Structures are given as structure tokens and as C-alpha cells.
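As written, the chain order gives the labels A, B, C and D, with residue 1 at the start of each chain.
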Amino acid sequence: MAQKSWMYSVLEAVQYEMQQDPAMTWIFELTPPVASNPNMPVINLETEFGRKRVVNTGIDENWMASAVLGAGLAGSKSATYIPYQGALIPFQVIQNVAGKLRHKTGGLAEMPVVWIIEMTGQTPGFGQQHSCYEEDSYYMHIPGVRTVVPSTPYDAKGMMHAAIRSPDPVVYLYPAGLRTLTQEVPDDAFEVPLDKAAVRMEGSDLTIVSSGAGMPGVLEAAETLTEEGMSVEVIDLRALNAMDTETIVNSVAKTKRLLTVDQSYYTLCPGAEVIARAVENVDGVKVKRVAFPDAPPPASPEMFTWMRPNAEGIKGAARALV
Amino acid sequence: MAQKSWMYSVLEAVQYEMQQDPAMTWIFELTPPVASNPNMPVINLETEFGRKRVVNTGIDENWMASAVLGAGLAGSKSATYIPYQGALIPFQVIQNVAGKLRHKTGGLAEMPVVWIIEMTGQTPGFGQQHSCYEEDSYYMHIPGVRTVVPSTPYDAKGMMHAAIRSPDPVVYLYPAGLRTLTQEVPDDAFEVPLDKAAVRMEGSDLTIVSSGAGMPGVLEAAETLTEEGMSVEVIDLRALNAMDTETIVNSVAKTKRLLTVDQSYYTLCPGAEVIARAVENVDGVKVKRVAFPDAPPPASPEMFTWMRPNAEGIKGAARALV
Amino acid sequence: MTYDLKPSPQPSGGEAPSSESRRGFLKLAALTGAVVSTTGRRALATGDIGFFAKDLSDEKLIDMYRTILQIRWHERTQADQMLSNPDYRGYNHFYAGQEAVATGVCAALRNDGPFDQIDVVYSSHRPSGHAIAKGVDIPKMVAEMDFRATGMNGGYGAEMHISDPSVGFIGADGMIGPAPVIASGSAFAFRARGSDQVAVVFAGDGNYAAPHFHSTLNNAKLLDLPLIYVCENNLYHQYAHYSYSCPHKDIAEAAGAYGIETEIVDGQDVVQVYNAAKEAVDRARAGGGPTFIEAKTYRYYNHWGAPGAKAGELGAFGYDPLAITSFRPEREVRAWMQRDPVDIARKILVDWGVVDETRAAEIDEEVKAEIAEAFEWGLSQPLCAPEDGLKHVFAEGTVPARQFG
Amino acid sequence: MTYDLKPSPQPSGGEAPSSESRRGFLKLAALTGAVVSTTGRRALATGDIGFFAKDLSDEKLIDMYRTILQIRWHERTQADQMLSNPDYRGYNHFYAGQEAVATGVCAALRNDGPFDQIDVVYSSHRPSGHAIAKGVDIPKMVAEMDFRATGMNGGYGAEMHISDPSVGFIGADGMIGPAPVIASGSAFAFRARGSDQVAVVFAGDGNYAAPHFHSTLNNAKLLDLPLIYVCENNLYHQYAHYSYSCPHKDIAEAAGAYGIETEIVDGQDVVQVYNAAKEAVDRARAGGGPTFIEAKTYRYYNHWGAPGAKAGELGAFGYDPLAITSFRPEREVRAWMQRDPVDIARKILVDWGVVDETRAAEIDEEVKAEIAEAFEWGLSQPLCAPEDGLKHVFAEGTVPARQFG
């Protein structure tokens, strides 16, 4: 157990699974599977497992995503790291082939496959194509694929173990804005389930639901609000599809106030689904949504940082709601 | 003015616009731009405008979608008909290039471009990849692209005129299940706006919101419910992004009951967005959602027709709500 | 209007050219059966091309012949169902005319044994021939294509999605583009785990234009993958000749540009196909990388067929009125029928002394009966339970119903 | 850990090889300026390759030289800003070393006039050289790259998205893959409307592997499009040599396979590039279809550079510790720097008697001053108003704020 960075935690999980299963493969493009952590051995999957199992390919994210699917169908566990620039390039094969394969074969297709889809984390300055955070909505509408988005190094590791071991294909969204987080993370393998939300803070006045890169701002806001005397319950969705309705409904039944927070664009952000599930199941809930406006992120840091949801905006919305 | 089929109405609009603008182009793949209607001249864009402007390409929907974008950027109005099999193949170029282009150029990019994206209309028997109706959710999360889905031949024609004339790139979803509809449609050019919902029936007990292929079932159900004494307001969204919040909110403020109906998968169906907008703006609304379950459509007609939302299911949900 | 979807064959509308001679097509197609026609000619243009095949046992050669017949009779029987049985609901993208391709290729593969040792096949939207050749259970396939609960895939998938991993038939895919790329991923896994398995993908000439074509061949070459890409060039993709989407006369030329081994074969001659496949498989197993086989072939019927069809109309596997840009001249169809894969295979077996005409005719009758039984079994199977549609989304559990609010 | 994103140059971590000699790289790069170096050599290997260029006016040739210098001094000045001005925020994918490619190609194009008559250029994630060569306003580009409200694109896009349709510079695109396909669409429109305009796309060697490569070339050939694909083969895509993603020695070979005219040129020699481009443009205007030009070139700096960089660290446009699989040997960099496009262009102009060394040095000073002024103007421009981020989503109106609930 040690303080570990996000990517070190994740690669620890991958390294372990690849050691257990000599057939498992990893495909990458420009981000070599290497991570270091103070006082820990460097992890380098490419040198450890060799270039037949760990392959650096050309700029062809659709091949990467399709290839791990084919590897999985041939009986080899397989994972790939799709950089944010290519985050939607393999969309069709995941949506229209992988997501439908088990069902269309009447349960025969096996797909022990993980697509790590990087999201930029909305970096100021890079603009529209390089600062966006929108993939969550696209991927979570796909049936037959488990779409998850961890928000802590601990979950990142535990969910990576679970994802690799899952017989279902998994879209594992990685909000790269969280790469600087560190946390105590066990050295040994452990699993965090792919279908359970986490209650990060308990409270009775207001439920705030968010996920991935939305979480740090939510936790910061919740702390201030708590200090101000508000009793806030914070839910980290973690699983976008299948979504953990029960945790949401139980909380909202108690608080009758729901604030959703997303870095994704407003229209059809994950929060829309959270709200719909909440009000379908609980009467008399007051709701608000914080999200990125329905505009691509501009490059100008002045525009961008004003548009990106942050703790201040969350606090304001929460106060208006309670 | 005559009873016209869906596609005849649409191609009438395209033919007119292509006659007006000799630079305009049309790209197709396997569905030739040909339509006939009783006692009307056959429309055949390929023979009328020649193969330089109307081109039959290989099976490469990403090229088709990208090519019309490039044509638009070069100053030529351009449209393409993407068959349902390729409905998500051009997703990335629409989402990540076209949707962001105007914004990232600070307003300089001009894109008089229409992508007609066919949706299968959930044909029984064809199964997962050939019976689905899920594209609405994916496309409507994209900022910078107008995503619309007409549900009548009249709107199909009027929105096609508006789409071709729009300086914004338009995803024009075509629910092919509606191809058998006919309606009185004017011969002359006219526009139906790309950002306005239509109130198809007025009422005060319940608001039903749907779109595209969901509409026939909704109208059928509303008729029965009206006969049963319920006062039903029916809204056809037509515009998915930007969505006409005002029409929804006005209606729900009156009825305080909202039922959304989608042929899209439940999780993050357009109805989720409708519900979220409604309850953000109106307190004390009771809601329900009818949608396709979060499963790919099975081939077996027994399974499929049970799963696909229909008038019976809508009526049941409405009765439970009011 | 002519903007139809596949599912409901509709009157072709006022503008469709009415062609009496084309109406006669279906009758002609019906005649081109197994032992009926005697006009088959075998092409042995390139020297001793029977090399590998000549080493095969009589049994294996007869098996190949039997496979060709199974595919043919399956289609003939199914077409009869479509035209005459009002209860029959299955549709098909017919493979008749192309049987030797699937048969020749799969005869060179490892089709049984544990899953981690057999070769895998990826098919297309035209899968039934590949499936039969790879060894799926035909009665179960018949049941599947008619949406039966006990079908190969429980009625979930039907024709365009049939799959049976137990014989290495990963399955059909209704989309043009993705399958070859995914197949290269299986080949990648074989190489990574040091297995001598090979991955085969069947793809039409239409697949050439898909951007996936480049990805598949480029990565197969770069990573030296044990992948065999079988391009079934039947000259048309739906309503257009392949010259509308491909600047090459031989599509194999495109593959050769990547430095991949290529082979162009007469797809009507099962022996030529087998020999090419055998060489490719040996190379792949030995670590020699990918091969691209272009089989020149032809489909007798039109793009697809469905119940309720009438001769001369869309979905009737005859002339297709949607074919505006480019369509198949009837003389072309007739000419190709003169080189029927069934006839060619039979003639080879007779020439090689493997069977005589009498035995060949017997085999034909045996297969015909086998297929008749398959239909009898398949079409008597139970229909699906509606609620089962909620299963098999994930490996475990069912998803909730949502259609009732 | 080494999983960094571009935006925040971070300490390279314990495992990064510390290389003193690589640290020296930045100093070397700084020396390779305009008139400073005298080691430039001009390659005229293939006979009278100066043919078209020799017919150009002195003025035009001097313009081309000036363009090369503008690109070079823009970068040198920007790099200085990054290293020394704590308020500077712009980043860049540097083009130094490749200047002759953009310059030679754009010199053969129609760059002013009404929009429906000028040629259009699609650029990549490495756009500033292409933009300058196509004729954008440099001060406005400088302002844009530092996120200023009066920048070329109002501060909305910054480096990877710069665009100025008024000079036919459709613009940068940060994604690898889509641009060439879109460019082919512009070419398609030109042909459809009977215009003699041409569309040009600049794309790196990395773009070869993208499936879009196939779509672009296949359709350009099939439809005979007036498209010029300029492949800037600078040997590396980010952290890998092009041999990791391409089985060809010359990428042009791949294009040739489609039957497209190809031309391989020394990308360091603006005259060679111009001649190839001129031929391609003439062909395209005359309806002769597409050309693929592969320019062999090299970038001096690493993949990209950003403010706050320190020599020897990621983002410092020096050695890149992320380069695990394959990286650029310092000797290779040094060798390429001996064939500097600035030196080569200057030597040609002097050899041809267009200018003498004194005038060449004057021009260099003029350009340097022009660029200094551009930075002065650009960096004094106002910052953006936050709320303006809600504009330009659609042609009209603004979208609502949603970040406050």
C-alpha cells in the first residue's frame, strides 16, 4: 500500500492480469504503457511482455478497437488505450458490432475486452477537439457494453481488474484531467464492481450526482456547503451503463433535492438520465443540472474556464435548490 | 398539391434546390435518388443533374459524409443519403470536425451541408444491426450541428428545404419505418423551421412527447385516450438539438403530467432530456418514460414486436400516469 | 416509389422497366441445380493446379462435393419455401453460384477440436455458405433463419448474424467494413499467444471501398498476421459493378501493394480455391504472414431474397428494379451459369475416379434428403418467448422492460 | 509517471534517461537560423528540376524566400517567447525544417481573388507554416495563437484550429485522418461545378495508417478529383518512426497503387517542391485528376512546444522522454540540419542571380523585423470575453449558459 498516481494504479492492475494470463494483449498508439511512482518499480508493459503482446501501432484507433475485439472473440483477453484524439473514431465498431454481438449470437460471443477511452479532461487552451469531455453520453447509450468512468486512483485500479475479468466488453472512460490525483491504493489485486455507484458523502438536504472529472469540483463544493450547514449527499455514478438506479433513487427519496453535475454538454448529459430516473421513481423532487453549455470548448482560457463547470457554479446551484 | 409519399416529398425539395443552385451536389451509395408518386413525374436526380453532381459511390459512408462537408466548405451546398447500415460510421467527422468547425474558426467556417441519416425504422426480423433506432441520442448530443427528425411527409419536405438553406450543418434523421406514410404536401417550396416542436394535439391532462418513428404509435394511443375522456396534448419534438424547450415547458406547466415515448434505447433516450428540461422548469410534474429496453433489437419477431414501444404500451403508461 | 427497405418487398412502382425476358430469369435459375445441368466446364488453365487437392483422400474430396451440394440444396429448398410456404419467414442473401469459394477455403482449415486450436472464420452479410462449409449444424441454422427458439442462436440473430464459435464460425456480420479488421484482431491474438491458428475473413468486392480495407491489410502486413483475406469478387455490390468503387481490375492488386502475398483464383473451381487456401494456411501457420485470395465468382440470384417474393420483383432474387446505376445483364448471368461450381466439382471427382456419375447422383439425392429433413426439423421448432429478448445483453441477467413506461 | 497529456509540461520523472548531449540540442537548434549557418547544400540530383521555377519572376522567387523566412522567424520568435516570457501562453507544433514544403506548394496555387476562384488548402495539427505560405495575416495569427479576441479566429481556435477562408486556408485540424477526406470533398465540389480550382491537403507520414488514407485516394482516383495530397514525410509520427506504421519505403508507392500520379521530392528544396506542385496543379486544373506528392523532410524540434518549457524536457522542443518505442537519434537531427531549407533557398537565389548575399541578409533582417512587429501587435491585443464562448455554435445567436445550474 502506498500513495499512487492514477496511471500507476491502473497499470499495476493490467500488469498483474497480464502476468496471470499469458494470452492477454495490450494495444497502444502513442501513449506507451509505462508508469512510475516514488519508491516503486517502474511498470513498462512493452518491455515486460514483449512486442508480440504489447504493440505500438499506427494512427488507426478503429483498428486498435476492432483488433482487441477480434482478439477477445478468439479467446484472448485484450485491452487497448485509445487517446482522446481518437476517442470517437472507433465508435461504430463498439456500438454496432461489439454491443450487439452477444445478443445477436444468442449469448455465444465472448468478449473479454476493455477499451480505455481517454477523455482530455478539458484542458484550457487546447480548444474544441482537444479539450472536450463529451464521450460519456455517446458511449452510455450503447446496450451490451458496460460503460464506466472511475474518478479515483483506487477505483481506477479496482475497476480495471473488474473490467479485464468481466466477460462483457467494457468501455472504461479515463478522464485524463484526473491524472494528477494520488491516493493510497493497495498493491494486491482487488475488484471494484462495474455496476455500482458510490456514495461519497452522506446527507439529507440535497443529493449531488456526478461522475469522472466532475467529481473533484463536486467534492470541493460539498465541503463548503457542509461547512455552511447544508447536509449534502454526494453520489459518484462510476457505472454509466448499466446505471445504478437504486442508489440514486434511495438518496433522492430522502433528500427530495437533486443536483446533477457534468462536464459533458448539457443536452443529454449523463445527468439528464439521472434526473429522469429519479423523477420517474420519486415524486416531488426539485432538480437542477450543471453541465458544460451546448457549445464546443473554446481555446481561449478566459472563455473556457468560465464555461467549464466548477465548484463555484455547483455551490451556487446547490444554494438555489435548497 | 397532392397526396405524396415521404420520399417523393423529400426529393421534390432536393430537386427544387438543385435546380436553383447549379453548384449543389448529392452523394449516395445504394439508394438511388429516385421517387415516383401517382400522376406525378418521376424524380430521378441522377439522370436530371448528371453524374458529376449526383454521384454513386462505394461503400464508404465516412467518405460520403466527409465529402459533403468538404464540398460545403468549398462553397457548394451538398447533401448525402447515408443508409441505415452506415448510420454511425461517419459519426466522428460530424461530431468532432463539423460540429466544432464554426466555433473553432470563430465563425468563419460555412457548412451548407445536410446528412440524411437513415434509421431502419425497427423492422421486425432483421435484428440487432438492421432493426435498431438509436441514432437520435448519439447525434443530438453534438453541439454545432442541428439534429432534426421529421415525422410526416409535409415536415419532411419543409425541413429538407430549411436544412439545405441553413448555413448550419444539419443531421436530418430519416426514420425509414415512416416511408409508407402519405399526406397532402404542397408542390411548391416551403420551409418548416429546424428548431420548433409541433403541438399535434392539444389537451390539459397529460403531455406526451415523442418524435420520428415514435409518433404514429403516440397519435394512435392519443386518439383512444381521448375517446376514453383523457385530454391529451401531443408534442412532436422535430428538433432534437437545439431542442424547443419552451413548447415542452408550456405544455407541462399546464398538464403536470409528462409521458415521453421513444423507439431509442431507454438509457439516455431523447425523452430523458425532455424530462430533465421539464422538471428543471416546472415543479411537481409526474413523469413516465416509454422506450425500447436497453437491449439490441432481437431478430425474432416475437421478441422484437413485444419490445418495441407501441400504442398499447403508451396507452397503459398514460393511464397509469393520469 | 422506389425508396424501399429490404424487409417488405413492395410493388416496384410505375417506373420500373417491365422486362418479360428478365421475368424468365427465375425459371432459369431454378434449373441450374445439382445434377440437372450438364454444361459445367472446368478451368485448369494454370498448369498442375490440382496439386494439393490431388493428395487429398477420396473421402475428403467427396466431403467437399457434399458441402457444395449442401449449400446449393439449402438455398434451393429455402427459395422454394419463400415462394410457396406462406408461413415461412426466413430471408437470405443467397450464395448460389459461389459455393466453391467457401468450400475450398474451409476444406483447408482446422474445423474441429478445442476452441483454442481451431481456425476461425469471419463471414459477411452473405453467410450461409460460409457457415455450412465451416461445419455448423444445418438443421439448427435452418431453425435460426426462421427465428426459432432452438435455432443456432436462439432466434436472436437470424440470417445476417448466424454464429457458432464451437466450429470456429465466429459469424456473420451485416455491416460492410468491420469484419476484416476484427478478423485481423483474432490473427493478432494467435500470433501473440504463439498459436498456429489462422483467421479467415470472407468479404465481397464491395468491401474494397470501405476504409477498413486499408487498416486490415496494412496491419496484417506490418504485424505479419496469420490472416487470410478471401475476397469474393462477384463483380457487384448490391446495385453497382465493382468498377464503380474500385480502380483495379483485380482487387488483389490493391493487396499486393502492401507487400502481401496474393492469389487470384477461379472461384467456380473448388480445387483451385482449395489449393490457394492450403498454401495460404500453410504459410500463415508457419509464421509467414497474411495472404489475400481473390476468388472471381458470381451470384446467381440477386442481392437477397425474402418470403412473398414474386419473380421479377425486388426481393424475388431475380431482376432488381432498384438497379438504376448499374445492373447485371442477363447474358452475363447466363454465361456464368455455364460454369456452375456443382458441375465443375462433380466433373473433377469423376475425372479423378473418385466417384462415377451414378454415385455422384446418389450423393446429390442424399444431400437433398438431408436438407429436406433439416427444414422439416427446423421449421417445426418452437417460436421464441417474447421476454427472452431481454436476455443476453450482458453475460448475466436480463435488462428491464421499458416499453410499458 | 510518464502518462502526461500535452498541456502541462511536467518533470519527466525518475526513469527518464538524462542525456547531457541531448540537452545541448536546443542550443544547436537555436543556431540553425537564417543567414547564420553557411553549410546549406542544394540537391539538384534529377537533372533540370528547376524548369518551372526558372521561369518565375525575380519578385516571385524573392517572395518564396521571404515566406520561408517568415515561417522560420515566426517560430524562432515564438520559441523565444515560450522560453522567456512568463505571460506568453501560445503553444505550437513547430514547422522549422519543413518550410520549403509549404512554401513550394502554395507558391503554385491561386491565393487571392473571390472565394469561388481561389485554391483551398487543408492543413494538419502542424499548421503555422501552411498558413503563412497560403497568405494569412501573420499578426492576426500571432494574436490567435495567444488566445486574443482580435486574433484570426477570435481566440476560439488557437494553434491547432487556425483558419482563414478568405485566402483559401480552410484550416488546421488537430485530428489525424479526417482532413484529407474532407479535402477530397472540396475537390469533388470543384469538379461538380466545373471550376478549375484545386484542393490541397498537407498530411504527415502518420496519416498514412489512418483508414481515411484509403478513402481519400480511392475516391480521388475514381472520380478524377482535382486534389493534391502533399505527404510531408518527416520520418516520425510523434514517438514512432514511420516504418512502425507503414510497410513502404516511399509512401508515394501506396498512392501509386491506386493509379494516382505520384512525385517524390526533396522537401528541403523549395524549387523541387514548387516544380512538382506546379505540375500537379496544371494537371488538376486541366481535369487530369489527383497527384500525390511525397516530400521527404524533417522537423528540427520535437513534436510540439509550449510555454514554460525547459531544454531537455517534454514540450521543450528538444529530446522527448516519452519516446520509448522509437525516437530520433541526435545524429539524424544534426545531419538533416545540414540541409536547411533557408540556406538552400538562399543559395538558389544567389546562384540564379536573383539576389546577392547582401540583399539576402537584408531580406532576412526585414522579415525578422516584420515578425517582431507581428508579435508586438499580437501580444498587445485584448483577451477574450468569457461569455463569447457561447457564440458561433450556430450561425446565429448564442447558446444558453449551463454551468451554473
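Throughout what follows, a contact is a pair of C-beta atoms (placed from the backbone, for glycine too) under 8 Å apart; a residue touches a chain by one contact, two chains touch by 3 or more.
Keep in mind that this is a model prediction, so the values were computed, not measured.
Engineer: In terms of C-beta pairs in contact, which of A-D and B-D ranks higher?
Structural biologist: A-D
Engineer: Farthest chain from chain B, going by the mean of C-alpha atoms per chain?
Structural biologist: Computed centres place D farthest from chain B.
Engineer: Averaged over CA atoms, how far is the centre of chain A from the centre of chain D? Could you give it in whole Å?
Structural biologist: 35
Engineer: Distance from the CA centroid of chain A to that of chain B, rounded to the nearest Å?
Structural biologist: So the centroids are 30 Å from each other.
Engineer: Starting from the mean Cα coordinates of chain B and chain D, work out the distance between those two points in Å.
Structural biologist: Spacing between the chain centres: roughly 41 Å.
Engineer: Could you put a whole-Å number on the gap between the CA centroids of chain C and chain D?
Structural biologist: The mean C-alpha positions of chain C and chain D differ by 48 Å.
Engineer: Show the residues in chain A shared as contacts by 2 or more other chains, in ascending order.
Structural biologist: Only 57-58, 60, 62-63, 89, 92, 96-97, 103-104, 127-129, 143-144, 242, 288-289, 293-296, 298-299 qualify.
Engineer: Multi-chain contacts only, two chains or more: what residues does chain D have there?
Structural biologist: Answer for chain D, listing residues that touch two or more other chains: 155-157, 161, 173, 175, 209, 211-212, 215, 218, 222, 244-246, 393, 399.
Engineer: Between the chains shown, work out who touches whom and classify the graph as line, ring, star, complete or other.
Structural biologist: Its topology is that of a complete graph.
Engineer: Provide the residue numbers of chain D that touch chain C in the complex, in ascending order.
Structural biologist: Answer in residue numbers: 209, 211-215, 218, 221-222, 244-248, 253-254, 257-259.
Engineer: Write out the stretch or stretches of chain C touching chain B in their complex.
Structural biologist: 1-8, 13-15, 89, 91, 147, 149, 155-158, 160-161, 173-177, 206-211, 237-240, 244-246, 322, 324-326, 383-390, 393, 399-405
Engineer: Where on chain B does chain D make contact in their complex?
Structural biologist: That would be residues 22-23, 25, 27, 52-53, 55, 57-58, 60, 62-63, 66-76, 78, 92-93, 96-97, 102-110, 143-144, 146, 166-168, 242 of chain B.
Engineer: Note which residues of chain A are touching chain D in the complex, please.
Structural biologist: Result: residues 5-8, 30-32, 34-38, 42, 44, 46, 56-60, 62-63, 85-86, 89, 120-121, 123-130, 176, 179, 259, 266, 288-310, 313-314, 316-318, 320-321 of chain A touch chain D.
Engineer: What part of chain C is in contact with chain A in the complex they form?
Structural biologist: Residue positions touching the partner: 115-116, 120, 151-157, 161, 163-165, 170-171, 173, 175, 178, 181-194, 197, 199, 211-212, 215-216, 218-219, 222-223, 391-395, 399.
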